[in-house]
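You will see two complexes here that share chain A, one where it goes with chain B and one where it goes with chain C.
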Partner chain A sequence: MTGALIVEQLFNGLVSGAIYALMASGLSLIWGTLKMLNFAHGEFYMLGGYGVYLGLTLGGLSPLVAVPLAVLGAALVGMLVERLIIHRLLDKPGWDESPVIATLGVSILLQNLVLHILGERFQNVPYYVEGGLSVYGMRMAWQRVLIVAAAIVVVAATVAVLKSTRWGMAVRATAQDRDSAMLAGINVYAVYLWTFGVTAALAALAGAMLSPIYSVNPWMGTALLLKAFIVCVVGGLGSLGGAILGGILLGTAESLTVLLWASEWKDVVAFLILILVLWFRPAGLMGSRQW
Partner chain B sequence: MLEVSGLDVSHGDVQVIWDLSFSVGEGEIVALLGANGAGKSTTLKTISGLIHPSDGTIVFNGAAIEHLPPYEIVGLGIAQVPEGRRLWPGMTVLETLLLGAYQSETRERTAGLDRAFSLFPVLAERRRQLAGTLSGGEQQMLAIARALMARPRLLMLDEPSLGLAPKVVDRIFEVVLDVSRAGVTILLVEQNAHLALQVARRAYIVETGRLAVSGASADLLANVDVRRAYLGL
Partner chain C sequence: MREAHVYLGVAILVALVPLVGPDPYTVHVLTLCLLYAALSSSWNLVSGYAGLFSFGHQAFFGLGAYVSALLAMKAGVAPWLGLVIGGGAAGAAGLLIALPCLGLRAPPYVAIATLGFAEICRFITMNLVGLTRGELGLGGIPEMPAVHLPLFGTLSFGARGLPYFYLILVIYVGVMAVLYRLVRSPLGLALKAVRDSQDAAESLGVNVKRTKLIVFGLSSVIAGVTGAFYAHYVLILTPSSVFSVPIMVEIVAMTLIGGLGTFVGPSVGAFAVTLLLEYLRVLGDYRLLIYGTLLIVLILLMPAGVVRRILGQRVS
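Then we have the complex of A and B:
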């Protein structure tokens, strides 16, 4: 085993970590503001993947146009789901379980809709940039570098918006005390709508960036959603910093497992981390932190 | 200014307010008194729009508001300081105040900050501190300052004396009188009836969701039966 191989594998871990962080931060934002789990979150990832697939292969668009279009499209679907379904369940009895059932339904609907229209075959998406970076004998595909860069920029922008804009402060206030937010004159229903749009966009961006590496299929979001839930619980459900930290931790742990052991074991390691965190720190690594 | 008539409010299947009517005139300080669980907080939440009544009307400056959402009611000029202060624990003092003026223009927000800091100089010193780390009295001051940031014409305070040392309570009530002198109408909910009747001109006493007695504070304090039955004095 050479040093270059280790660094290369750590970099691959960072790529998965970036995707996990994008997915988990969306789940955490929704948990923080609406106190619900979104089981359709993986489908926004899938829609992002199919969006670029359609844009690039059928539309003949440049990735610079196709990716933003796919992200925007998924965000609109997310807002539609909030307005048509989640909004009607809010403030009604049964809120503890009703969104779980409703979003599971949305997940099945979207998977089968895509299956029906576009078929079950795995579809390849061309790399956005060919070639790779080569430093000291380490090789990293530009596509992977692009994934990490995009994730860093987008997550940093999300954190900055939450921290210092008027809208971001309204989201945080709603998460910390909903009644107080309403009494301050914040329209929390608008906050919910936009939160769904933003989180769907984050998931779709992950799908759009990763699809050239893994190809797209109607069920691509399912396995990733499970990992994103692990990341959320490890980092602390509802904590944005926890989602980022947990994502990078899990990605790195998985790729080290592949390097030192075998790739079949990486899910075992992921769940082992989950069990250990639940055992020793049930609230998650950054569970009690407010954002 | 505020006219509540025939109000019925239910929590699920349980009715907690029965045919409640009362009014608050422009510039008045009116107290809503009663034992724990009498329905005082529910009444304030209904006026704020957090809960909607099953029957009855709430008219504010001529407009029916009982079916409006809270963010529209704030816009009309009603602000509430909720029971237990309900600050955002992860927000700084400055962020909390800015959010209090969520619907205002930037220029108004800056003017509001100046007013809040001159009313409560301690908040200016603590502006970078998280709301959750303030003392109880400072938290209550921040909660009042947050409500005032919306420039309300009617300020509703829910148990502002709760859990505070007597000296701090005196300071809070001095501020309430200052705010009133500045032209803001005040509806005060208190369990500490003695204190409330000293600042309020009129009071309504509610018992298990129904209006029991009402009148001028001086009359209520002078009436032996009322003192014994409702005020515990």
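Then we have the complex of A and C:
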């Protein structure tokens, strides 16, 4: 085992970690504002992947156009889901659990819709940039470097927006105390709508960036959704910093398992980390006690 | 007691159904309905009554199935004993995973911790190819051996026949009887108190930890027994057929559509969803598309479940 190999594996772990962080921050934002788990989150990731596939191979667009279009499309679907389904369940009896079935239904529906329209074949998406970076005998494909860069920029932008814009303050106020936020004149229903749009966009971006590395298929979101849930909980649900930290932690742990043991056990390690963290830190690494 | 008579009547009616139309497919579908009714009711005990929203119930179902099947195949243990041991193994696993979960107050943490546990079970079963044959599937599981009953004569379990239907009916009625008594016992009242307000219940002297542990263990035992039955009924197991998330999705769908935290809700939901999924097969490829849409429509129309919609909000 050479040093270069170890660094390469760690870098691959960082790539997975960046994707996990993108997915988990969306789940965390939704939990923060709406206090619900979104089981359809993986499908926005899938829509992002298919959006780019369609744009690049059928539309002949450049990735610079196809990626934003795919992200925008998924965001619209997310807002539609909020307005047509989630909005109607709010404040009704059973709200604690009804979104679980509603979003599971959306997930089954979207998977099978894509399956019907585009078929079950795994489709390949070309790399956005060919070639790679070569430092001291270590090789990193530009596509992977691009993923990490995009994730850093987008997550940093999301944090900045949440911290310093009026919309971000409205989101944080809604997350802290919905009733007080309403009293202060915040339209929480608009906050819910936009939160769904933004989180769907984050998931779609993850799917769009990753699709050249893995091929796209209707079920690609399912396994990633489970991982994103782990990341959220390990980091602390509702905490964006926790989602980032948890994502990188999980990605690194997985690549180390592949390096030192065998790739078929990496998922077992991931879930064991989850259970151990919850055992010793029930609110997650950066979560607050109230949850 | 009047309520109990109603349940008894329904059970007898269900028992008579296969005699009216002994078409093997109908019997098979009804067997599945009862299996899911028992499984959903056991999940409802944890999530509906104890307020621990577990998302890993498939782990106990799968453990019961694999433990009983492997014991019968490798050690020659009789499947009748396998039902008991499978249930016991699942119960022990339930206690093990309940311990770290008890410190978690927020529903999503419990859901994801239990989901993680179930996924660990699935991956381990998948990776231990030498023992379980992994995704190739564990085939050649023995059927339930024949029993000699004083009044009915010998009951031999052929390929997916009527005797299996009666066996699952007995299991189902037994499960419901245990749950019926439990919900009305002091433990059941403690459970309701914990669900409504954990702090208030604790201040009144309810031992929250012990109550939740007992309930989680019992619910896992039931899931394990149904799993063991399933193994000796379908005779082939794969990790993705018993340990996978879609099973949990069905349990959740059945319970929530029927009515979480109601006594009959999970059974109503189990029959509704199983029949729906089976008879939607005529739609071919459109089946899951329609299923997803129906789930959304049903929850929009009845966010608190069918049973509460019909009998009013305060039913429990």
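Here is the rule we go by: the second predicted complex is superposed on the first by the 288 of 291 C-alpha atoms of A that agree within 3 Å, B and C clash if a C-alpha of one lies under 4 Å from a C-alpha of the other, contacts with A are read in each partner's own complex, and residues count from 1 in each chain.
Definition applied: a residue touches a chain if its C-beta (ideal position, glycine included) is under 8 Å from a C-beta of that chain, and two chains touch if they have at least 3 such contacts.
Not measured: the values here are computed from a predicted model.
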**Message:** After the superposition on A, what does A:Leu256 contact: first (chain B), second (chain C), both or neither?
**Reply:** neither
**Request:** Examine A:Leu118 and indicate which partner it touches, taking first as chain B and second as chain C; both and neither are also allowed.
**Result:** neither
**Item:** chain A: partner with more touched residues, chain B or chain C
**Value:** C
**Request:** Classify the contacts of A:Val159 with the two partner chains as first (chain B alone), second (chain C alone), both, or neither.
**Result:** neither
**Asked** Does the superposition put A:Ile186 against chain B (first), chain C (second), both, or neither?
**Response** first
**Request:** Determine, under the contact definition given at the top, whether A:Arg172 touches first (chain B), second (chain C), both, or neither.
**Result:** first
**Message:** One more residue to check, A:Trp31. First (chain B), second (chain C), both or neither?
**Reply:** second
**Prompt:** Regarding the shared-chain residue A:Val145, is it in contact with chain B (first), chain C (second), both, or neither?
**Reply:** neither
**Item:** Common ground on chain A, meaning residues reached by chain C in one complex and by chain B in the other
**Value:** 93, 291
**Prompt:** Given the complex with chain A, which residues does chain C contribute to the contact?
**Reply:** 53, 97, 100-101, 103-109, 111-113, 115-117, 119-120, 123-124, 126-127, 245, 249, 252-253, 256-257, 260, 285-286, 288-289, 291-296, 298-300, 303-305, 308, 313
**Item:** Of all residues in chain A, those that touch chain B in their complex
**Value:** 93, 166, 169-170, 172-173, 176-177, 179-187, 189, 289-291
**Prompt:** Residues of chain B touching chain A in their complex?
**Reply:** 12, 48-50, 69-71, 74-75, 79-80, 82, 86-91, 95, 98-100, 102-103, 132, 146-147, 150
**chain A residues within the chain C interface of the complex** = 31, 37, 85, 88-89, 92-98, 100-102, 104-113, 116, 222, 226, 229-230, 232-233, 237, 264-265, 267-268, 271-272, 274-275, 278-279, 282-284, 291
